[in-house]
Amino acid sequence: MLTLTIRDLQKNFGSLRALDRVSLEVQGNSIVGLIGPNGSGKTTLFNVVSGFYEKDGGEIYFKGERIDGLRPDQIVKKGLSRTFQVCKAPEKLTVLENMMLAAKSQIGEDPFSALFRRPRVSMLEKANLDRAMDLLEVLQLVDLRNEYAGDLSGGQKKLLSLGRAFMLDPDLILLDEPTAGVNLTLATQLLKVIRELQKKEGKTFFIIEHSMKVISDICDKVLVLNFGKIMAEGTPEEIRKDEQVLKAYLSGA
Amino acid sequence: MPVIYFLIYLLTMIGIYSLLAMSLNFQVGFTGLINFGQVAFFCIGAYASSLLVTKAGAPLILGFVGGMALSGLFGYIISIPTKSLKADYWAIATLAGGEVVRLLALNEGWLTEGPFGVMSIPQPLRWLFSKDSYPLFYLFLIAACVLIIYFVLSLLTNSPFGRNLKAIRDEEDLCLSLGKNTRKLKLQAMVVAGMVAGLAGALFAHYITYISPENFKPIETFLMWAMIIVGGRGNHLGAILGAVVIQLFNVSTRFIGGYVPLGSDTMAALRMVIIGLLIVLFLLYAPEGLIRERKKVYHLKRKHIE
Amino acid sequence: MEDPTGAYPGRRGLISYVKLVIPFHFLPHARVDTYSKVLGYYNMDFSQIIANSLVRGAELSLLAIGLTMVFDILKFANFAHADYAVLGAFLVYSLNQVLGLSLFLAVILAAPATALIGICIDTAIFKPLRRKEAKVVTAMVCSLGIGIALRNILRLIWTSRTKTYAIPIQKPIEILGARLTFTQIGIVLTGFISMVIFHLLLHRTKFGKALRAISDNRVLASACAIDSEKVIKWMWFIACCYGVMGGTMIAMEHLLYPRLGFDILIPVFCAAILGGIGNPYGAMLGALTLALAENIVLALDFSYLISLGGLFEVGPIQISTGYKPAISFVILVAVLLFRPTGILGRK
């Protein structure tokens, strides 16, 4: 069974305890939400899990294997990918190229194959192109396909990062505030897509979100992080009623 | 007709520098690796090939292959620290690395003949041609090399490999988050670039038949940088255009030097002042260069366009 | 370009001279200080090495301080820094040799003049780049171009011929077993005093406070109404003045020629990075460490090691002086690889 298990994870920035013995579990084929006031360590958690920051203690297991200490790209190859809160959009790559970039196991990534196995490479490129266009249609980015990603608006960059994540097609996707800056109708539609992917393809999502509505709509389970600690855990209803959580949010705001 | 020979010489040098500029552009313009020691590749390619041929008695073709291989190996070695170094630190290290390669050529006299240089380097297929027609043949040889390298590099940069390199240049973290092994990609890019510049070195050595450490001073790196900044980065044609412009300027001012009442040192200094200013002015006012990077547009099936 | 200095006089190999002789004398004759022999320092004059290192350390740290400040505040490696310094050294030369001013007076006039030029270059080139929020790499490549242009402008004005200042030939005096000229003593003292002044500047003035604030957090600093452009101008002023002092000292000790800036660039970078970029005290420590390393490595004699403890007869085996510029490179790469934050690094 696919699960992400985190035990006693610690991360310090100097004297600041960004993650203080965080333990949690994300069950396979589910959508788990992560909420918490600004600066509570949510993004840091994603950064450590995806291998961008080194942990200062604790263990991370994915599909039963330890993944802490691996490089980010090695973790992705195990089937765990993430998006960034502040979107990364390569300045001089078009939207479509961004999508093509994300496709996994491309033999053309090897310079030798790129030169000497051209027919196979271009066949794969065609298949990827089809899939990329289908995804762009869902994300309503088709008309922008030849724009440079660097020229997109913030919301469009968010959409594109979702698109890349879907294109990459990992088993577990960590989404850092995927709907921030995206207009409401599109956001709703995105959530539908995420739901569908979970139902039909058995994908797992771990989502940082601020909007309680989004959380209630799609999450099976919600975790609350405050000052680097998990302070509550439960279904969206339970969390909504939790006094402590309310207090944390009020004091944070 | 000396003018014709001057022209052939000019074109030949343009060809050699086109290769060097394309190689530098592959690193800087496509992969985002700021290499201030590009001349080291050139030096290694030239020395390796000429020493293999003159000292080890290898056939010429082996000399060329060896020059490319050794230069590629050097690319491999200097790409190792890119995994832990920030771009600016790496740039400083490459500048120093380029100097060290020249110091080795200068000081390891048992191998390189030190400051005296390697002399009477044989030329490929020299016996087939008369003294007058050989330069023309060599020009064609170099033109063929430039064409082939242009073609090969275009294939590479248009492939998924090239797309990955551009993504590293623009957003390395994103690349990592998509599962690309950026270390390996940079390494491969440096090896490819090293081989191309090494080829240029070998072609240069067997063309002028005499090389010494004097040929591989940092100023050569600066010229190559001027080429890609003026011509435009992320674009092979830009690199070639840059090589044409800068070499025309460089060689023609040397030519004009004979007719103006200025010392050769003054002329050389003036030339480099202008090169330095060109770098600064282009970065300030035309950062894209003469030919800007082309947008990649995919051909789509009709289904998608309607 | 010619190499007017003969800066690379050692034209021997890395290992200069090994003669293989059938070893009849298996037992090493001197067992006494095997330790110092194996490590290769038995022939060294330590007090002299330390004295030489102090001189070179003083020169390098004056240059490294400016470099490290620019790197810290503007976030780019200024490849033209050493060329600013040499420009100043040439101005000193003209004032000294042509107008006949004393060296001291010449430096006092040349330093602010160079600083003015440095500030003009910043206003004309780096400031527009900052405004456009160009990548730091662009500023770095720009500084390379500025360095090339500047170096060759010096060549146009003062020609490539080497220059010296009007300093009378001095007889070295002996201090604690080391022989030093008055010039060298002056260099060490000036270096020391400049460092103290720098410390006071950084901690006792409004400029120093603002500079440290910007270094720590630019956004916060601008929120506290610190005019960062003004601070940047002052920073250039100080970086250039210190650079001119350092450049003049190096020119006093050796020779002055237009390419000098390029020749000292790598050691200066090395000193700055070795101490920890952005840390002025690190720059001083890095400069001293590098100077010591340079002098010791060149003085080491590997013959005992190479001869496998006296099995072969070999001549003295030392690193060829032709590789002196390479020493700072090797140290630089080692530091970059193993401790990129430097000795006193804080980031």
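Read from first to last, the chains carry the letters A, B and C; within each, the first residue is number 1.
Note that a residue touches a chain if its C-beta (ideal position, glycine included) is under 8 Å from a C-beta of that chain, and two chains touch if they have at least 3 such contacts.
All values reported here derive from a predicted model rather than from experimental measurement.
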item	value
Chain whose mean Cα position lies farthest from chain B	A
Comparison of A-B and B-C by number of C-beta pairs in contact, larger one	B-C
Between chain C and chain A, distance of the C-alpha-averaged centres to the nearest whole Å	48
Centre-of-Cα separation between chain B and chain A, whole angstrom	41
Where chain B and chain C are represented by their mean Cα positions, the distance between them in whole Å	30
Touching residues on chain B, where the partner in the complex is chain A	152, 155-156, 159-164, 166-167, 169-171, 173-182, 185, 188, 192, 234, 293, 295-298, 300-301, 304
Contacting residues of chain B [partner chain C, same complex]	34, 36, 81, 84-89, 91-93, 95-97, 99-100, 103, 106-110, 114-115, 217-219, 222, 225-226, 229, 265-266, 268-273, 275-280, 283-284, 287
Touching residues (chain side chain C, partner chain B) in the complex	1-2, 8, 10-14, 76-77, 79, 125, 128-129, 134, 136-138, 140-142, 144-153, 155-156, 159-160, 258, 262, 265-266, 269, 273, 320, 322-323, 325-326, 328-329, 332-333, 336-337, 340
Residues of chain A touching chain B in the complex	50-52, 71-73, 76-77, 81-84, 88-94, 96-97, 100-102, 104, 106, 108-111, 114-115, 118, 121, 125, 129-130, 133, 142, 146, 148, 150, 164, 168
